[in-house]
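Here come two complexes built around chain A, the first alongside chain B, the second alongside chain C.
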Partner chain A sequence: MLQWTLGKATGSYPDVPYEEKERLFLEVKEDPRYEDFLYGCYECGICVSACPSARFYDYSPRVIAQAMAREDVDRFYEILVEDIWNCAQCFSCVRCPRQNNPGGLVTLIREVAVRNGIQETRDVLQGYTRVIYKVMLKGNQVSPDMLQPDFFPDWGPWVQSFRGNMNIWRQAIPVDTLRGVTDAAWETDENTLRELYTIWFETGNIDIIEEVDEGLYELLVDVMEEELEEWE
Partner chain B sequence: MTVAGFIPIDNIMEKKARPVSRPPDQAHAHDIREELFELEAKGELIVHRVPEPYVEVETKFGRKKKIPIEHTWHHKSCGQCGHIPGYTASIFWLHRQFGLDYTDPSDQTSCTGWNYYASGTSNSVAQMAVMGRNFAAAYQEGYYPLIHCGTSFGHYKEVREQLVHHADLRAQTRRVLEKLGKPLVVPEEIVHYSEWVHVMRHRIAERQVVDMSNLTACVHPACHYHKIVVEDAIYDPEIYGGQRTATVTGLLQALGMNVADYSTWFDCCGFGFRHVLVQRDFTRSFAVLRKIEVMKNEIDPDITVTHDTGCVTTLDKSQFAAKAHERNVGVPVLSDAQVAALAMGAHPFRVVQLHWHSTDWRPLMEKLGIDWERYWEEFQEDLEAIKRGETIMTWDKADPVAIAA
Partner chain C sequence: MSEGTVLIIGAGPAGLEAARSVAELGYSAVLVEKRDRLGGMPDEANYAKLTHHFLDAGEAIGELAAAATGHENVQVLTSSQVTHVEGEPGAFRVGIQNGAGAKTVNAGAIIVATGFQHFDPGRETQYYNYYSFPDVITIADLEGMLKAHQVVRPSNGQPPERVAFIQCVGSRDRQIGNEFCSKVCCGIASKQAIEVKQQLPDSRVMIFYIDMRMYGYWENELYWPAQEQYHVNYVKGLVSEILPKGDRLLVRGEDTTMGRPMEVTLDLVVLSVGMEPSAGTRSMAEVLGLEQNKYGYIAAGGPTGIDPVATSRPGVFVVGAAAGPSDLDDSFATAGLAAARAVATIRRSNGA
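After this line comes the complex of A and B, so read on.
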């Protein structure tokens, strides 16, 4: 069976000017971590043999390392648009004998895709933005109240029974910082969260969110600015 | 039977099992601590020293790593605390059983690495600053960070490498931390709780009250534990001949379990960071087809034990849908900390919080001779009393060893 379709071997985005693809490519290359993640490629496929995403998607860490090493700008653009969100970020591919980190390259390409508001990236992240809201405001990726049957139907009746018991089960945890907390993973100090918001502003992280979802960006800025004003 | 020209399989197995050990001074990987101390001497950062008492253990290429026993600042995991709270409670319970000094801070955020690996909606300086803020908080409190999450552990190690090797990123991070009135602090060792469990395993076994010698277990080594900054994970020549990480397996062997090997041990669990939250067809398929079903077909274990948030969640919660498709599943999944706590007689619900796990754990309890129904009844009484406002669940209630030898 063909794992890599012909469409992927040719420039499939002729409408996007080469200069634009090159600009994005150079943005990835300019990341100071780029040189730590790519030394060339033997094309041996050892990364592919360990890669979970290669088993279930039309996806290959070898192609990513190769395309980047050959500076194949057209192929890079296809990777940026089509491939990067398949990666599971497990870093099984770091067993590369050339000491590459294809998963790390994916991280860098994702950052560039997000920063540049690439439409396909916005589409992929659409269902995920409520998690971004949680992590930026609460400093926790997940919380008990996110476990809802609508979102986790495949986890079976356990989710249903959990919802009925969430509040009382949370009360019945002996760890002080967890007890009774349902909208975050643990109770975080107000000042700690304000420091976190300061980090999001000072590092430009909040501006990145604007490229993914303007509505979410405005909401976050409103809440965080109000908190920080009170603090001052 | 020996076939001409082939090495008998027993000889190969014997050779593979023979311990390989390397003297620390010949370790081929660089020792990042040397660079950290140099930067400290130049006034660029503060290195947080591992407090006494600590135990030194061997890592992948021979470097000795210091694992602190106490005075630890527990860097909690959002996935554990949010969705598997018995994982967190078990880690604390073990510390309390040994009377070890620790702190459970509320001045802590998650590493935010889960989001970074899921969505890329951050940047390197933000990630460094989040890490630096947490480490400075630990330093200022006078306790040493013990990282509960495998991803936080791997992510912080990688971020530490980048911080050390890129002066510009370091300068930017320092500037952000200055705004918060915090120094740039980097721990001498980044330590995962499962490393603490590993060095404590014989003390845990000494206080074991639940016999586990009739159990067969499969171990899933967490990717972000042993695949990110690979040279920093614990390897022990006596465990797998030093050919894969010793954490988790070391504990289970000390508790008398039969740890059985399976062919896809190196594979990830299928978590995928974004996938597990919004694209679980991949997560489920991988967790079942490449992990649980392989374990079932090759070993049929009583339990799968792992040492990270995402792995416990993925391997446990993915089994329901697979069962509906009549796949060969049905293995309870616990963390090493929960297994250690159960072995020492922790209450299965007040401490280990088994009710947060989805795959049926009752057959496991029965095989261990634990009368789970009795403990469940007790826990239901707790819940009723909490509802009536008569009590709250505190350590006073959860600390006592519940399971008699």
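After this line comes the complex of A and C, so read on.
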């Protein structure tokens, strides 16, 4: 591995040993998808010009691709901790003339960050606990009962009104799968849920949750195991 | 007996190919070469493999020389120099000097194939310390190492772990006076980077550049494989200086696309020196009274401006790198064209 800048050889995270950064870097590179996601970079910037996130954040899909190609381990670690969460995973960047997939690289790096339970990654994902909880248990990511005044202060006084009369609002929807459902976006069939829970266990998805949020993990496992036992 | 004679000055790839073409068109070729060997710069500088085909340079140039010398219509004069030329298209009288003395050759047309020389990286504004640091070499020096399968640091004879090429040394530089692009160095550096990785798979190879100029198929033949199969790092940004760091070299530059200054320690730095008109090109331009451009190359273009082999003197044609930076493919193309033009000149003067 090569250090590109001697003066700042340790990057923005000097307390993290270089060997640890390198280990994570190699974990990304060893993913079988990696070779299809990064060929070579012209540094043409078409990925940046197509990237919605790049217009609003200090984020560049080109830098992701280049840092990986340069094997710049220190910059990689900054990306793992910070940059990847600015990506919307919309994959507009796959317009690349070399057929690189910077968004795919972000996917791989996110997976490594989560799998390794990086503290900054846990912090970032903290705000998504409720979403993960919903997705895992209901199969859809937002539900009417998530509309809580504390979380949506910018909605003003209306949020209280919606919240207080949620059941009435939902009863008014003339669609069978939505009518009166408040704890999910739409009514989810019991068998679908059981299949979903089986998938989470079988694919190891639930183990990934354990790496970043043990409390959430235990909560989910309790509910899902009970449901699956009942089924059997 | 042939219909007439074309005199060709310089027995590098372009001159050899011009001689062969003239001979195969049924005319006589007199090939005058200053050195005692044929093959020109690829032979003189001991090239390993040709850009862009990866052909063995010795074999390829040897075949070229054999094709020319093996033809009954070709007469080769080595260790010989053209001293003066008089006459007009169809009837030039060319004075030639060699160890045996002076003689005059009658020729209907003349082709100048006197080529280029490598830029001397010790010249002027270069802070690369070519003459001070043994581990700073040129692409011409590296060719010899690659040929011998001995890519080492000259300072200690050990294989380098980290190798970097610096592009545009002696080209595209107003301060040096060479404002032109030398055309081939991007391809050569990429070719050599691949060869270094083939011979030293564990090495790390970088190329510092201004623009990569990989036109046509050089893109998929050289640039992409270097980057994708051999993981050569192309870094947009030139090196300002090379400094000693322990027994290694420290290079300073800007990694422009990553937006940061860059300092990297290296074992071997290869300067991608460009082309300049050779001494032979400069002196033949004077002997033949040919117009030169501001860089000393023989001015080509003719009245239309787009004829790559026409010079300012009717009946005299220029091929290959004597007219400006040229790759082998273009040298071949101009050689064939000039052979046709030379033969046509003779036929016209014969009343054909």
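Simple rule for what comes next: the second predicted complex is superposed on the first by the 213 of 232 C-alpha atoms of A that agree within 3 Å, B and C clash if a C-alpha of one lies under 4 Å from a C-alpha of the other, contacts with A are read in each partner's own complex, and residues count from 1 in each chain.
Quick note on the criterion: a residue touches a chain if its C-beta (ideal position, glycine included) is under 8 Å from a C-beta of that chain, and two chains touch if they have at least 3 such contacts.
From a predicted model like this one, the values you see are computed outputs, not experimental measurements.
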Practice problem: Have a look at where A:Y18 lands relative to chain B and chain C in the superposition and call it first, second, both or neither. | Solution: neither
Quiz item: Which partner, once the models are overlaid, touches more of chain A's residues, chain C or chain B?
Solution: B
Quiz item: Counting only touches as set out at the top, which of chain B and chain C does A:W200 meet: first, second, both, neither?
Solution: first
Quiz item: Looking at the overlay, what does A:W231 touch: chain B (first), chain C (second), both, or neither?
Solution: neither
Quiz item: Of the partners chain B and chain C, which touch A:R62 in the superposed model: first, second, both, neither?
Solution: second
Quiz item: Which residues, counting only chain A, touch chain B once they are in their complex?
Solution: 31-33, 36, 50, 52-53, 55-57, 85, 88-92, 94-95, 107, 110-111, 113-114, 125, 127-128, 131-132, 135, 139-144, 146-147, 152, 154-156, 158, 162, 165, 168-179, 184-189, 191-193, 195-196, 198-200, 202-205, 208-209, 212
Practice problem: Using the touch definition up top, name the residues of chain B that touch chain A in the complex. | Solution: 76-83, 85, 88-89, 92-93, 104-110, 112, 114-126, 129-130, 133, 137, 154, 161-162, 165-166, 168-169, 172, 175-176, 179-180, 182, 223-224, 227-228, 230, 266-268, 270-275, 277-278, 280, 282, 284-286, 290, 317, 320-321, 324, 349-351, 353, 355-356, 358, 379, 382-383, 386-387, 392-395, 397-399
Quiz item: Which part of chain C faces chain A closely enough to touch in the complex?
Solution: 162, 204, 224, 227-228, 231, 233-236, 250, 255, 257-258, 260-265
Self-check item: Complex interface listing, chain A residues touching chain C
Solution: 2-7, 39-41, 43, 62-63, 66-67, 69-72, 75, 98
